[in-house]
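Next, two complexes with chain A in common: one pairs it with chain B, the other with chain C.
Showing the complex of A and B:
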């Protein structure tokens, strides 16, 4: 909504306010230093470091099998995909040829993770714009995915299911049936999301035209994932640099050109539909075979630099390993999607109201441990 | 049953038997005030329980069910906990205003209860400017909210309080005008007379189209007046944390909390009185048993309370400028036109009477 500032005789003064580190809208320990004039945001300055655990430094100490476990603790809502990123980098460096079974299972799990993550995001998004009920609807469906994970991996949040060379165990016998049940269930529930929130006139007023990010800005800020795609920047790693089994499924990259909060919202809803279609294409014909290939107990990568990127629920996660031939990486760098996406918050929030900041921040889908590693 | 004008006079007449008239009058009023205080403190607590249960039904949950059957004592236990909690405060707060603020809020909501005709007899205070009194008293509460936000020396609380000020002042207009529309129909501000008029049909039926429009505007404005979602700018928890009562704890917080629920009851009770015939039963089915009126009154009020809870648990929150746009650009002009339509209807005698 356009607001024109009328020159008035009232003397107004900018003031400073701390949003976070303990604030309901920052979903964790993000601290935003806001400069506000009345309700209008003049400047947003994210202040990081409250949960820095020096994961990258810890990776230099650990063996490659151990590094996988650390990645769970970065973006905990897409832990499967984080694990996969490290495993793929190591496997590429070792030039391991993985069985098809591993690739397909990894893809299914990644897409389930994506749905679970977006379910949680949707609930929290609703909560941020004031509709508290969405939270419980989102969690109801996420819970079903977590149950599937629990049965197969033994964990609900930090999976540790991928290991360099494949999967830690084979899938649980119930896995296929339960996944199918979930897809059938979720196909009836996802339209409910639209009727509850998407179609709501207040919600559309709150999100349309708010936090607009142009395609050029999206590219120059390094936006990725749904944030970039909401601005019309085709940046889906699954499409452009397919890994695992993404080259054998057909799916559409969810793209919107408006670049506002509502476009980013729609991209994520669309991604849930696409994720379901990907799972449906794969779930019926998981190839038979081994669930892992044998690797050495101590993995030593050949000397060199390796980079692999994957598409997490938040965007592009890159793993960059420099190896000098020892059992630990010499240097390991994660290119996390949340960090780049947070960097554009100031750009899209300035000029809006406090409510706009909260709504835009919700569609950036920030997970703070991913930003602060 | 002794047929007298209202409950206060009944008690006073009884007391005059033992003591001088002046003492009886004061004592009678105090007794009535205590009765109201006790009833509505408990009613407020059960509204909180109802809200939690309604929220649970909307959110695929069960809601409180541990303390007492169906969680009936849950809010009692919560209140006890709040009473026993330490009253913390900020060091740099304006102590006097900080301590005063909750009383403004709770007293204004409790005072408004005095005029409602729960039945023909059960009405503490039947003044001839009843509607005017209600509008005036219910806007006193915002002073408490403004004071609370200002004096607690917290920026989030201050933003919340300022939002509340801007919101209440705006929506007060709509409440006043939509009630005025109905007053055109009754020709009286006195609540007992408004109820008498409705023996020929509830006002929402008598006034048909403009009355329905007035009712819808009243419910929107009333929801905004009580600072509840989708108009809960004041304590928008995802934006401001807790808003104006961020720095309050224990019983002082409980006053704000209780006042919110009593206000919700008041808004619904005004709507019941003005639009839905207060204690009158539909088609006069229980006219021979007057005390049943209280059930009709509470039943209608709780239906409207449920409606407001329904709003809260389904709608997202508006932004503060959209809130003002809605009031000044839509509700207010519609309201003004509506008054004119109602005046024409009353003038041409186009009302529906049974």
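Showing the complex of A and C:
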């Protein structure tokens, strides 16, 4: 193509650049096709499929016990909650009544997962906007939770601790003490997060008024989790459709109405406080009892369709199973929060600068394997 | 004017943040956050439930507890376990019995899900805590878990 430069009359021209699939700010193999004019973004087109592993198809082949471990590999930062989603769907279909102990332990582990995920997000968020220090602070606190998981579940990332019917084995004797230690530790560290990053004017200038999403748009794009709540859309599954032990704890749904990047940031910080309060309410009185109820070695769901949704650290994860009465699902569909949240990226990024795109993308908290599955 | 005051508040909040980092700079000792791996190999202890790789413990008589029931092979989601079995005469009872020839475990395929260990009725396989599994040749990741010449412990039935 011939480019003509008219003297003394600069012509602006739109052009494409690729962001990703190996860009550090896309947090994984996400490729964004940017149409830009100078530095103003005209269009953002996500190009998916780089890490597609056909998990849904693999689920049609696997037994219900085996499906659980595949969900670790979707949103790996909320692996415990993903496991729980599948287990709850299967348990509801079988109409199993779980012991209270299982429900409480699952809730505590879910909230720990949420804190761990938000710690990592916070560190990476700071890094994306140029504050590398936060990364180490976030990881320091996440490491304590990882140790708790490693001691109880045996793994740090791909937990696979939930099984249909309860938990694979009982919690470790040190679990309660370690969790309490962590809460005591994190209560002194979370205010440091605010001192270090939230109050920083440079950070606020990068985030306030950037990537604004209105409540109506949040609803029509299917936003969920902190992204929806940052726009004032009350969408917390734990509040509106309580599962496990969420009906026996009191907590506030973190809501902000501004809808910008800073609001989504604040929602997540607030959620860490709420998660700590939920854990504190439960940790002292974990009921005694069995850690699982017996199921058949080969689980067959009755013919029908089943749906269950849970609140992961990123938003609403739905599991939809169609069973024809065999030992595998006929079809299994995951409604993943990341996919819907990514769909609104174009909407909030157009008109902004490339630096703003990075900041808004950081608060969408995208985990690419969750989007591609 | 606002430009100057912006710079001023920017520097002020930057210093507020640096009070936190400065505090840790002065008070932290070596290894406060990071571990000195691999220098600490001799003292590094993994948690006892840590999933490193699947192993089959043998006792001093070179006997294991695997009956060859294949439940682990069935439970495994990705075919990491292959049982090669045969029928033979049980010396004690004189009856025909299934026993394993080889319990083959592909560490390179294993996702550390733990379903095989849950499924084993005789606790013949357990988790080992070693995690340094890298090799130059992936065929080394295919292991035969039962040792040569080993046999099943007397009285172990599934």
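The definition used in the following text is that the second predicted complex is superposed on the first by the 364 of 373 C-alpha atoms of A that agree within 3 Å, B and C clash if a C-alpha of one lies under 4 Å from a C-alpha of the other, contacts with A are read in each partner's own complex, and residues count from 1 in each chain.
Going forward, a residue touches a chain if its C-beta (ideal position, glycine included) is under 8 Å from a C-beta of that chain, and two chains touch if they have at least 3 such contacts.
Keep in mind that this is a model prediction, so the values were computed, not measured.
In the superposed model, A:130 lies in contact with chain B only, and not with chain C.
Of the two partner chains, chain B and chain C are each touched by A:196. By the touch criterion stated above, A:172 is placed in contact with chain C alone, chain B being left untouched.
In the superposition on chain A, contact of A:140 is made with both chain B and chain C. Look at A:15: by the touch rule set out above, it reaches chain B but stays clear of chain C. Residue contacts after overlaying the shared chain place A:48 against neither chain B nor chain C. Of the two partner chains placed by superposition, only chain B is touched by A:356; chain C is not. Look at A:183: by the touch rule set out above, it reaches neither chain B nor chain C.
Applying the stated contact rule after C-alpha superposition, one finds that A:255 touches neither chain B nor chain C. When the two complexes are superposed on chain A, the residues of chain A that touch both chain B and chain C are 133, 136, 140, 196-197, 200, 202.
Touching chain A in their complex are the following residues of chain C: 6, 9-10, 12-14, 16-17, 19-21, 33, 46-47, 49-51, 75, 77, 111-115, 118, 127. Put simply, chain A touches chain C in their complex at residues 62, 65-66, 69-70, 133, 136, 139-140, 143, 147, 150-155, 158, 160, 163, 168-169, 172, 192, 195-197, 199-202. If you check the complex, the residues on chain A that touch chain B are 1, 3, 15, 17, 23-25, 39, 126-133, 135-137, 140, 196-197, 200, 202-203, 205-206, 353-356, 358. Residues 55, 58-61, 155-156, 159, 229-230, 232, 236-241, 313-322 of chain B touch chain A in their complex.
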